[in-house]
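In what comes next, chain A is part of two complexes: it sits with chain B in the first one and with chain C in the second one.
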Partner chain A sequence: MALKHKTPLLDELEKGPWPSFVSDVKQIAARKPMCEDLLGLLEQSYVDKEGHWKHGGIVGVLGYGGGVIGRYCDRPDLFPEVAHFHTMRVNQPSSKFYSTEVLKQLCDIWEKRGSGLTNMHGSTGDIILLGTVTDQLEPIFYELTHDMNMDLGGSGSNMRTPSCCLGKARCEWSCIDTQAITHDITTEFQDELHRPAFPYKFKFKTSGCPNDCVAAIARADCSIIGTWRDDIRIDQEAVKAYAAGELAPNGNSFGTGPSVLDIQKEVCDLCPTRCMEWDGKTLKIWNEDCTRCMHCINVMPRALRPGTDTGATILCGAKAPILEGAQLSSVIIPFIKMEEPYEEFKDFVDKMWDWWMEEGKNRERLGESIQRLGLRAFLNACELEPDPRMINTPRYNPYIFYDPADVPGGWEIDGKAYREKHQA
Partner chain B sequence: MAIVEHMGKTFEIDEDGFIDAFESWNPEWVDYVKGSEGIQELTEEHWKVIHVLQDYYQKHGIAPMVRILTKVTGYKLKYIYELFPSGPGKGACKMAGLPKPTGCV
Partner chain C sequence: MSEEEKQAIIDFMKKKKGKTKHYFNELCKALPDMKMRAAKKIINEMVNDGQLKYWSSGSTTLYILPEHADVSKEEEGIN
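And then the complex of A and B:
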């Protein structure tokens, strides 16, 4: 069927061996006038080399301040079907486990009340439903919550939909129950999720082990990453089997099949802290020097396993480039057990948010507030003691700052008197 | 921009139903908006929030951050959502005649 608008520029994006969103939208455009106009509007943007979406728009459902992102186009005269094209974010189930029935139901709602286009999933993890009109928002919200037991996700300056890796559901390395933690954070902090009150967005992400499959350390304002505080479990017979070529290294990720593994070269020499020794018969690990990088465990999964005294490391402050450049999370709590009902963790969250809401500037992520005011101020607010594990290379860093309040007698610095004796 | 009439006054509104300028605000506007905002009866508490927003806007030229609004009114955010079901930005600011908040996704 011929579409309403000619799209020669977009058609270029269908060429080549790759999947194309243009082909996807065309498929549905045959039965959805909204998607026809969407293609037309995008083609127009390509011709003009200018976007035709207005920024933002204040729409939502009653009782919530987030979950709906308003979109209006600035040429409703030419493309009336996309005059409104709001996005809805739907809170995905932990680890994104669905039944096909739920997915069908979701698609049925969206075919009926929206454009039919979805994005499974957005980078925060939500199910993104693309394109609907203001009048449909409340009916969609009603059907999601009443018929499907699903809820909207976060948008704007609130707690964003928490997300996690597959965790114990599928992965033997998971040190914590990531799904339970994510579900608990979601239900505990409903207010923060639905009613924006923060200086800016705030993300929780939970990974079961330091492989960090959801990249919590790079993306979350508060990353919860599974770890252990005892020793890596070693099966010496399996280590020998790897060395002898009886097992496939890296869980056969590279398709080599069983092949001889040079343990010195591939494992010991690649250990970032060189905490391993292999004499050809026995593998020895100095666990006190291990930084939980997971490399040796990834290479020899049959021989090595995380310890059994498991918990999580809490890190704060990651973000993509906004005001400052991209930033990774820093260790704030080196080890926490993370067992239900997670009271110790929630106490920390309350202190962290109190400080950030008090001190954070508008549109400043937690990591930027920490950068501006100093990690010391943040640790004080969270009532945490500084720890060498918070520092990248503590043994090379000779700078120790004492707080006058912590030293008996204390001291005062008179800047003016100092400058009289010393030049700037 | 569409034009609406209510109780003998006319208002120019944008696609989100916000008034064109703070100067065009009058109490009839509040009465006009309350229906679409899911508010049955306006109480003193509604007016307190509206007045706080307007005072702040007149003084600073922008809408206050949510935290400031909750501090000055003494109302918890959840209660503000009970008063204004579509929230402080969309509901309360619209009623107070403030410009549309520059939301971010």
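And then the complex of A and C:
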């Protein structure tokens, strides 16, 4: 079927060997005029070499300050079907487990009331429903909440939709129940999710083990990463089987099948703290030096497993590189059990948010506030003691400041007396 | 919630000539003796009562008075 707009530049994007979003949109454009105009507008942007979208506005659903992102086209005269093309964010189930029935229901709503285009999922984790008009926002919200028991996700200066890895549902390494934690945070902090009052966005992400499959350490303002505080469990017979080539290393991720594993080279020498020793018969681990990097466990999953005294490390302050470059989270609580009802964790969250709301500048992520005001100020506000595990490189920075109140006996500085001996 | 506190927020917003959108922490300046999370309760109530509206860019949210919140103008690109 011929489309309303000619799209020679977009057609180029269909010629590569990879799947093309242009082909996807064209399929829907055959039955959705909105998608025809979407293609036309995008072609126009390619011709003009500038965008034609305006985003942001007052549109939303009653009582919610997030979940809807207003989007308008600045050429409604040429592309009237996309004069409004609002985005809706839907809170995904923990670990993104769906039944086909739910997915069909969701698609039916969007086919009827929106463009039919979805993004499964956005980088935040939400289901992204792309393109609808203002009049359809409330009906969509009603059907999502009443017929499907689903809710909108976070956007703007809200707590964003919490996300997590598959956790104990499918992963033997998960040290915490990531889905239970994510669900609990979502329900406990409903007000923060829907009614924006933070200086900027705030993200929780939960990974079951230090492999960190949701990249919490790189993306979340508060990363909850599963860990253990006892010893790595070792099956020495399985270690020998790996060495003898009876088992496939790395869970056969590289398709080698069973093959001889050079444990010294592939495991011990790649351990970041060199806390392992292999004498050809027995593998020893000095667990007190282990940093929980997961490398040895990843290489020999049949032989090594995380310990049994499990919990989580809480890290804060990751962000993408918009201001001053990307930042990874820093350890704030080295170990917390993270058992329901998570009271200790929630107490920490309250203190963290109180500090950030009072001290954070507008559009400043938590990590940037910590960077500007110092980790000490943040720890003081959260009533946490500094711990060597919070330090990446000890003694790297010689300018270590002590507060007289923190040192037994304290001291006083007489600036005048100092200047008598030292010229300015 | 005290009506005086709500009025203080509205007066504060109206006093800022030429500025229609306000960050949350700017509204809190109208309630200097109050902690921000307490102020949030009042501001939420004002949103529920229609005395304030959210304006969101998608990444950041600001607050505006209803007289500045005209969807038709926004659609025309005026707001």
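Things worth noting here:
To be clear about the criterion, the second predicted complex is superposed on the first by the 402 of 424 C-alpha atoms of A that agree within 3 Å, B and C clash if a C-alpha of one lies under 4 Å from a C-alpha of the other, contacts with A are read in each partner's own complex, and residues count from 1 in each chain.
The rule is short, and it goes like this: a contact is a pair of C-beta atoms (placed from the backbone, for glycine too) under 8 Å apart; a residue touches a chain by one contact, two chains touch by 3 or more.
Quick caveat, the model's predicted, so the values are computed rather than measured.
Overlay on chain A: chain B and chain C clash in the combined arrangement. With both structures placed on the common chain, the touch criterion links A:G60 to chain B and to chain C.
After superposition on the shared chain, chain A has more residues touched by C, the comparison being chain B against chain C. When both complexes are overlaid on chain A, the residue A:E324 reaches neither chain B nor chain C. With both structures placed on the common chain, the touch criterion links A:D354 to chain C but leaves chain B unconnected. When both complexes are overlaid on chain A, the residue A:E277 reaches neither chain B nor chain C. When the two complexes are overlaid on their common chain A, residue A:D230 makes contact with neither chain B nor chain C.
Judged by the touch definition given at the top, the superposed model places A:D24 against neither chain B nor chain C. Within the superposed three-chain model, A:D74 lies in touch with chain C and out of touch with chain B [touch as defined at top]. In the superposition on chain A, the residues of chain A contacted by chain B and by chain C overlap at 55-60, 63, 65, 69-70, 72, 87, 155-157, 191, 195-197, 199, 357, 362-363. For chain A in complex with chain C, the residues that touch the partner chain are 54-60, 63, 65-66, 68-70, 72, 74, 76, 83-84, 87, 134, 155-158, 191, 195-201, 353-354, 357-358, 362-363.
Within the complex formed with chain A, the chain B residues making contact are 15-16, 18, 38, 65-67, 70, 77-78, 81, 85-90, 94, 100-105. Those residues of chain C lying in contact with chain A across their complex are 23-25, 35-37, 40, 43-44, 47-48, 53-61, 64, 69, 71, 74-75, 77, 79. Within the complex formed with chain B, the chain A residues making contact are 55-65, 69-70, 72, 87, 155-157, 191, 195-197, 199, 357, 362-363.
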